[in-house]
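Notes follow once the structure below has been shown.
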Amino acid sequence: MDEPKAAPEWRISQWFNTTEPLTIETLRGRAIVACAFQMLCPGCVDKAIPQMKAVHELFGKQNVTVVGLHTVFEHHEAMTPTSLKAFIHEYRITFPVGVDASGDDSHPAPQTMRLYQMRGTPTIFLIDKKGLLQGQIFGHISDLQLGAEIMALIKED
Amino acid sequence: MDEPKAAPEWRISQWFNTTEPLTIETLRGRAIVACAFQMLCPGCVDKAIPQMKAVHELFGKQNVTVVGLHTVFEHHEAMTPTSLKAFIHEYRITFPVGVDASGDDSHPAPQTMRLYQMRGTPTIFLIDKKGLLQGQIFGHISDLQLGAEIMALIKED
Amino acid sequence: MDEPKAAPEWRISQWFNTTEPLTIETLRGRAIVACAFQMLCPGCVDKAIPQMKAVHELFGKQNVTVVGLHTVFEHHEAMTPTSLKAFIHEYRITFPVGVDASGDDSHPAPQTMRLYQMRGTPTIFLIDKKGLLQGQIFGHISDLQLGAEIMALIKED
Amino acid sequence: MDEPKAAPEWRISQWFNTTEPLTIETLRGRAIVACAFQMLCPGCVDKAIPQMKAVHELFGKQNVTVVGLHTVFEHHEAMTPTSLKAFIHEYRITFPVGVDASGDDSHPAPQTMRLYQMRGTPTIFLIDKKGLLQGQIFGHISDLQLGAEIMALIKED
């Protein structure tokens, strides 16, 4: 990613764990770690969600916002907002989670998934204080590397 | 459990991964390892389900039947059979899974849960070749101990 | 191993954690789980030793004896009995550990290693109550399977 | 640590994995992650050494030097340089490791241990490009936090 571009605004139909909708615009000045996941994706549940919880706990008070994006592109009827709500409760997720807005017949993938050209879940996004997309990782990133990437966002002028 | 008693028949409203309903009666002569779980119970997803998959792989050809029981006693609307079907697919569960039959207004817990006086999920059941309930473990049992318990069932006359 | 054979007596130059030397002969009537290891073998330290400690804790009171064999076939000067003694202390090993007797110029491998035709460390041995060698596993065996193998030894007449 | 102070020079009697002795002075301009360990300390072997290997692999080409310090304060006869050499080989450690110089009768702790007032092993040291000791952690630090701390050293002017 030679020239980081502005991170597109998420398209969210419903938020959990926040009274106000979050936007990249209003988070300007804070580093953002976002994670697109599906509640029935084993790699998300096993690795990405625990990692995001740890990031939230460690960096949440250091000018870093953690955001979950529930980006459902399969088994839609099994991963409704009702099910997601129970998942958030049972897995004790306390950071904000937005439901990626549904696609339509011509573009069935969720809208944010399409905007970011995601390849699947989990996908982790690193967005700097200016709203630039500094990184987009499909799959797994080690804690050691993620910690370093987040500090790079924090230290950036 | 000084005097093992006959394991009560499960009360199942729907089966997955089997064309025929399973009963303790018809499994007579085989050892049974059953696991009551909920698809949104972290301890089930993290430990009990992988353990049951390993048991199925290791002992499935040695006269041992593994059975999952989807015993939903909370967040019912989030863990419907539709969601369970996707869960089974995503977590690559190949052993039979039965949906514990719903309770009613006077006894809201699922029927099998009530019959076995389960305290929650996960609960693992060890049933011998004669249909006797030799063990009922709420929570976690180590692989080392579970392997031993299963072999005790296999070796029993 | 179609016809299990008598387990050869270990050749031990020094014992730790026992006042009396152990022999397969005098352990007749008990199941034996022995583990040949090297204190600087990562696979031994990481997996086999913790597994043997768990076996000792779970089955030690059920007619099962756990024995460690320090079978040094490389870096001899780095894994002397003096170093082994500190290793046993630091890793809180409480089961008996014997030092496999040194080879000689014509057969440099330790004597027990040679008798059992071991391929390396860790190697786990399952010896039944009659002193027959029922299993010899080079490398890793899962806890689930090991638990089952041990119970098979316990249940044997 | 409000006012970071200059990291004292290590007192090393022997080096492994480097042809030249390393000093904090000559490493000026590079960030340093040092780890004091003992080869028979379970917490070092289980966590700190694998973590240092991961740091070396991830950051070794990014102006970060990883250094091991073998700081033996117990079981001296079991953890000689001869044993350490085999340990380094078996655990595939490729970063430089220095042997902390022995103390004397009046101060039996190794000299570097005494200079840094270490409480035990493992202890991890974060030294910035100017040679200032920015952090000294006794025990465990999560990968997430360590990654962040290292990036803070890298980003520092």
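Chains: A, B, C and D, in written order; residue numbering restarts at 1 for each.
Here is the rule we go by: a contact is a pair of C-beta atoms (placed from the backbone, for glycine too) under 8 Å apart; a residue touches a chain by one contact, two chains touch by 3 or more.
This is a predicted model, so every value here is computed, not measured.
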Checklist entry - Which chains are shared contacts of chain A and chain D? => result none
Item to check | Between chain C and chain A, distance of the C-alpha-averaged centres to the nearest whole Å | outcome: 50
Checklist entry - From the C-alpha centre of chain B to that of chain C, how far is it in Å? => result 36
Checklist outcome for this item: Multi-partner residues in chain A (2 or more other chains touched) are none
Checklist outcome for this item: Listing every touching pair of chains gives A-B, A-D, B-C, C-D
Checklist outcome for this item: Within their complex, chain A touches chain B through residues 40-42, 45-46, 75, 77-79, 82-83, 85-87, 89-91
Checklist outcome for this item: chain D contacts chain A in the complex at 51, 54-55, 58-59, 142-152, 154-155
